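Read through the structure below, which is laid out as C-alpha cells, and then see the notes.
By written order: A, B and C. Residues from 1 in each chain.
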Amino acid sequence: MKVIVVTGRSIAQGRSKESKFSDEYARAAATCEVDPEDLSTLGVKPGQKVKLTTSRGSVNLFASVSSQSPHRGIVFIPFGPWANSLMDAETDGTGMPTLKGMEAEIEPAAEDEVLGLKELLAKNLKERGRT
Amino acid sequence: MNVENVIKGVVCPFCGCCCDDLEVTVRNNEIAKVENACALGRAKFERWNEGRIVRPSIRSDGKILETSFAKAVERSARILYDARYPLLWGWSCTSCEAQKIGVELAEEVGGVIDSTTSTCHGPSIIAVHDVGESSTTLGEVRHRADLVIYWGCNPLHAHPRHMSRYSVLSEGRFRKRRGERKMIVVDVRRTATAKIADEFIKIEPNSDYEALTALRMCLKGEELEQESIAGVPSKKFEELIDEMVGCQFGVIFFGLGLTMSAGKSRNVDAALSLVRDLNSKTKFVIVPMRGHFNVTGANEVFAWQTGYPFAVDLSQGYPRYNPGETSGVDIATRHDCDAALVVGSDPISNFPLEAARNLSSIPIICIDPHETATTSVSDTVIPSAIVGIEAEGTVYRMDGVPLLLRKLIDPPEGVSKDTEILEAILNEVRRIRGGR
Amino acid sequence: MELLIKNGYVVDPANGIDCEKLDIAVRGGKIVEEVSSSAKILDASNMLVMPGGVDIHSHIAGSKTNLARVLRPEDHFRDFERRTALTRSGVGHSVPSTYTTGYRYARMGYTTVIEPATPPLKARHTHDELNDTPIIDKACFPLFGNNWHVMEYLKNGDLELCAAYLSWMLRATKGYAIKIVNPGGVEAWHWGGNVVGLDSEVPHFGITPREIVRGLCKVNKMLKLPHAIHVHPNNLGKPGNYLTTIKTMECVKDLAEGASIHITHCQFTSFKGEDWSTLRSGAQEIARYVNRNDHVTIDMGQIIFTATTTMTGDGPFEYILHQISGRKWVNKDVEAETGAGVVPVVYKRRSFVNATQWAIGLELALLIEDPWKVYLTTDHPNGGPFTAYPRVVSWLMSKRARERTMSRMNQSAARKTILQSLEREYSFEEIAIVTRAGTAKALGLKAKGHLGVGADADISIYRINPKEIDPSRDYRAVRKALRRAAYTVKDGQIVVKDGEIKEVVQGRTFWIDSRVPKDLEEKIHRELSKSFREYYTVGMENYFIGEGELARSSPIYVGEAKV
C-alpha cells in the first residue's frame, strides 16, 4: 500500500531516548503508528510486523494501531535510527533532511524480524561504514 | 546517613519549555524524587543513571578499550588537529559555557560547528533572515492570548507542560479561564493535542505552504478559486482568517511539521509572513517550538560569538555561513568531513541513513553521559556529567529567556563536565600546535 | 607595572587641561603622581593624549542585538575579521559579533561602553554577551518604563515600595541606571497599540507616561543613582515630536537637584512638521530649552549616510518603520516589562527626510552651548555603526567637512537646515568633553573620563598634533587619526598600538549595588515572593543574576536609599 511517512516525537520515544540500547527504546522507536482502517486493509493486526520501503531504504517495524487517527495513508514513525533507515538526506539547500512526508510502500512482514539497535546499526552502517 | 534535600525552583533539562518550577529530592547523592515535571522531564531525572558510560574508551583494532581521561583527550585532540575539515556537532543538550568552548575549539582546529538546529528549526531561522519574526516571550501568551494555534506540532507529546504553563491551560492576567481562549490545532493527523483542541483542522501532508498561502490570500481579500486546498475546504480558510483577524491577541506555535516537510524553510516563510501581515489588523505573534532544552542557547552563543546562529564554518579562519553547504547533514552526506566531535547528541541515530553511514566511516569523538548509537561506533568516547543534574550551566528557553541549570548531585566517579573535557581537548590541541 | 606617557599634548577637560604638554604616570592600573625610573616609557611626542573614550549609549549586547545578528547575515558577509594569534575571528558592519565589538572600540581609543536597553528578564543574556566583549569596561541599563510592578506601585502612590523594587531589580539584573523607553507605549504595543503623548492613558494600568517618568525620576533620587533617568521619549520618529521631547524634559524640572533627566538619541525626537514631506528640524527649540535648563543632558543620535540596523525597545516605533520602509521586521515582546524591535535601514543622502535627520543631529550639538550637556553618539547601530564616530567628530570640528557632506545631500533639505549658517567648530577640548569627560560625568563614573590622579588608567593617544593641525581644514587627518589610535591604554596596559590589538584583557562590568532600609527590603521580598510567578513565567530565584555570572563584576555602592 502506498503511504506517506511522517517521523516525529512520541512520549515513549522521548522518555527512553537517553537509554538508546534499552528494550524500552526499541519498543518505542521500532514501531509505526498506522491508521486502523489502513491496518485492516493491509490485513495486519496490532503488534504484528510490517515492512516500510522508500527510495532510500527499507526497515521492518512493529505496527501499532494509531491513537492519533484518522490519518489514512499516513504512517507515523517516532524519531530514531529505524525511521532514519527510510528518510532522505537531501536537504534542498536548507540543511534540513526530509524527515516528514516521504512516499513509501508498506506491506505485511509477519515472517521477518524487527532488528534490535545493534543489529540495525550493523546492517545499516556496513557499507562504507563501520560496525 | 540519610541526608535528604529538597531543591526547589529547579530548571528542567529536557525540552525547550525549560520549566523552572521542578522540585527535586536528593538523597545520598542520588535523585530520589521529582515533582512538577512532565513524563519526559521525570524520565530524565528518575532514570539519570541508566546506560551511563563511566570510563573513557578508545577503539583500537576494532576493539573498544577503556583508557584514561588524559589519553582520551590526547587522542581526541590529535584527531581534530590532523583533520582537514572536522565537524563539531550536537551542542543542544549541553550548557552555553560548553558551547562557547566549542566555538573556540572549532576556530582553533579550523572546522565547522553546527548544532541540532540544522535538523530542527534551521529552516525557521532561514525564513527569519528573509521575513523577520513577530514574536514574544511566553508569559505574554499566558497573559493575553485569546486565540492559540498549534500548527505542525504536538505539544502533549513533545512539550507536555507547554499548554498549562504558557498557553491555553494557564492563567494570565487578562485571561483567567480556559473559556476565554480558543485553541486550534492544524496537523496531518488527529494528534493527542488535536483531541483536546476546540477545533482541529486536518491538512494533507506536504501542503502546509498551500494552506498558509491560502490564509494570506484571504487576509488580503483575495478569493480562493479552488473548492479545497491542502485537503481543507476553502471556506474553512476564510473562517479561520476571520477568527484570526477578530481576536485580540493571537499566536501560532509551530513545529517540525513545517520545517521537515516539503517546502521546509518556505513553509515557515509563509507562516512568518502571515503573522507579519496580521499585525496590520490585530496583535499576532509566532513562536517556534524548540525541541531540546538548549538548542536555543546554541543559536544565541554562536550568533553573538560568530555572527551566525548555526552551521558556522570556521575553516578559513573567519566565520562563514551557508546552510545547505555548511550544515551538518550536508557535510556528512557529501562525505566532506574527515573527523567529527559529537557533544550530547546522537547523529548516528538521528541523521538519515546515508549521512549516518558516512559519518560512521570517519573517526568520531563522542562526549555523552549515556551510551548511544554514536558512542557505539565512535573512535573515542569520553563520558560527561549530565547538565542540569550533575553540572551547572546557562541555558536559553525556546523564547530566548536565559536560565541557570543547577548541579544537584555529583557525577559518577571520574566523570567530568563537558566544559572540563572540551577545555582539556582545546588545550591539548594548542599544545600540539606549539602554544599560542 | 609602571608606565610613563611622556611629552604628549594632554586634553583633560575635567581637570581643566587643554592641550598642555604633560607627562602621565601610571601604576597599578591607576593614574598616579609619579613613577620610578624603571617605568616603561611611552613616547607620546607630538601626539594628542586623552582619557579613554566613554560611550554613553550603544546597543552592543543582549537579546535584541542578537536578534539583529540573526536577522541580518547579509550584514556580516561583507565585513569580517580573521582570527589572529591574539584575537578571535568575527563579523559585522552594523551588528558586529562580540569579540569584534570589543576590538573595534579599543582600536578607536574607547575604553568604556554602556549597553543602554536591557530587558530585565533577559539581563542574563546581556551579561553573557558583555562577558564576551573584550577589553572595554561596560555597564547596562535595565528597562523600567513599561514594567508592570513599576506602573502599579506608581499608580497606587507607593513610592517607597517602587524604590525598593527598583533597588532589588538593579541588583537582580546587575544594572547601572534606570532606562525608560516610550513609557507606557510598549505596554500598549503588547495589545498592538501605542501611546501618543505624555498624558495618554496606558490601557488597563490607569497611569500616564508623565506619571511613569516623574515617578521613576523621584525613585532615581531616592536611590541616589549616579546617572539620571535615561529616557527615550514617546513619539520617537514622528514628525512634530520635538514638542513631546520638550514636555518630557519639562515634566521633571521641579524634581531637579542637578541633572534629573537624560534624553537619549535626541535627533530622533527633534522633528518638527506635520508629516514626512513637511519635516523640519526642531533642534533649535530643543537646544534653546537645554541651554536654559540645567537639569537636562542629551546625546546626539547622529545619523550616518550608510546602511545600518535600527533596534530599540520601542516596539511600536519599529513596526511603523517596517510599514513605511517595507524592510524585514523582528519584534520580541518581553512579558510584564518591555519589548524590542529590529528593522534594517538605509540612510540616503538623496532622501529629504534622511538629509534633514543628518542635519538635526549636528544642529543639536552646535546649538547647545555647553558641551557638558550634549554627547556624541549615533545610538549605534540605529543612526550608524560606532566605527563612524571619527566622521562625526570631523563634522563637529570642521565647517568645511559639513559643507562637503551637505553639498552631496538632498538640496531641498540642505536649504531648509540652518546648518549652513552655523560657524561653530568644536575644539579638541570640546570633543574630549562630548566623548569622554562629559559622558563619564553624566554617568557618575568618577574614575573615568579624566586623567587626574586616582583615575583608572584608561588613556587614548592619537597620532595628531593638536598644536599644529588645523582640524577645520585637515578634518580628514583628524578622522584618520581617531580611527586607529596610536596607543590605547586600558588599566595601565597597552592594549592597542597603531590600531592593532596588542593585548586582550577582560573589562569590568559596573553595576549598582543598591540598598534600601532593611524593613523595606524585607517587605519587597515578601511582596515579590507572593506574586512573582503571577507576573512572570519564571520564579524569583531564577530571575536573579548572581555576581559570579559576571566575568569581572565591579559593584558600585552608593549608600542606602533615602526613602
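As a working rule, contacts are C-beta pairs under 8 Å (C-beta built on N, C-alpha and C of every residue); 3 or more make two chains touch, one makes a residue touch a chain.
All of these numbers come straight from a predicted model, not from anything done at the bench.
**Student:** Counting only chain pairs that touch, give me the topology of the graph as line, ring, star, complete or other.
**Tutor:** line
**Student:** Which chain is in the middle, if each chain's centre is the mean of its C-alpha atoms?
**Tutor:** Of all chains shown, the one whose C-alpha centroid lies nearest the global centroid is B.
**Student:** Using CA atom averages as chain centres, what separation in Å is found between chain A and chain C?
**Tutor:** Roughly 56 Å, centre to centre.
**Student:** If you average the Cα atoms of chain A and of chain B to get two centres, how far apart are those centres in Å?
**Tutor:** Computed value for the inter-centroid distance: 22 Å.
**Student:** So the centre of each chain is just the mean of its C-alpha atoms; given that, what is the distance between chain B and chain C in Å?
**Tutor:** Chain centres of chain B and chain C, defined by C-alpha means, are spaced 35 Å apart.
**Student:** Residues touching two or more other chains, restricted to chain B: which are they?
**Tutor:** In chain B, nothing touches at least two other chains.
**Student:** Give every residue of chain B touching chain A within the complex, in rising order.
**Tutor:** Residues in contact with chain A: 14, 39-40, 43-44, 47-48, 50-51, 114, 118-119, 122-123, 126, 154, 156-158, 160, 188-192, 194-195, 202, 205-206, 256-257, 259-262, 264-265, 291, 310-311, 323-324, 327-330, 332-333, 346, 348-358, 360-361, 369-373, 376-377.
**Student:** If we count contacts the way the header does, which residues on chain C are in touch with chain B in the complex?
**Tutor:** 61, 63, 65-66, 69-74, 76, 80-83, 85, 88-92, 95-99, 121-122, 124-125, 128-129, 132, 190-192, 204, 319, 322-323, 328-336, 339, 342-343, 533-539, 541-542, 546, 549
**Student:** Help me check something: in the complex, which residues belonging to chain B touch chain C?
**Tutor:** The contact residues of chain B facing chain C are 8-9, 11, 20-21, 96, 100, 104, 107, 125, 128-140, 142-144, 165-166, 173-174, 248-249, 276, 279-280, 282-283, 285, 299-301, 303-309, 314, 316-319, 321, 394, 396, 400-404, 436.
**Student:** Okay, in this complex, where on chain A does chain B touch?
**Tutor:** 4, 6-11, 14-16, 18-22, 56-57, 66-71, 74, 76, 79-81, 84-101, 117-118, 121, 124-125, 127-131
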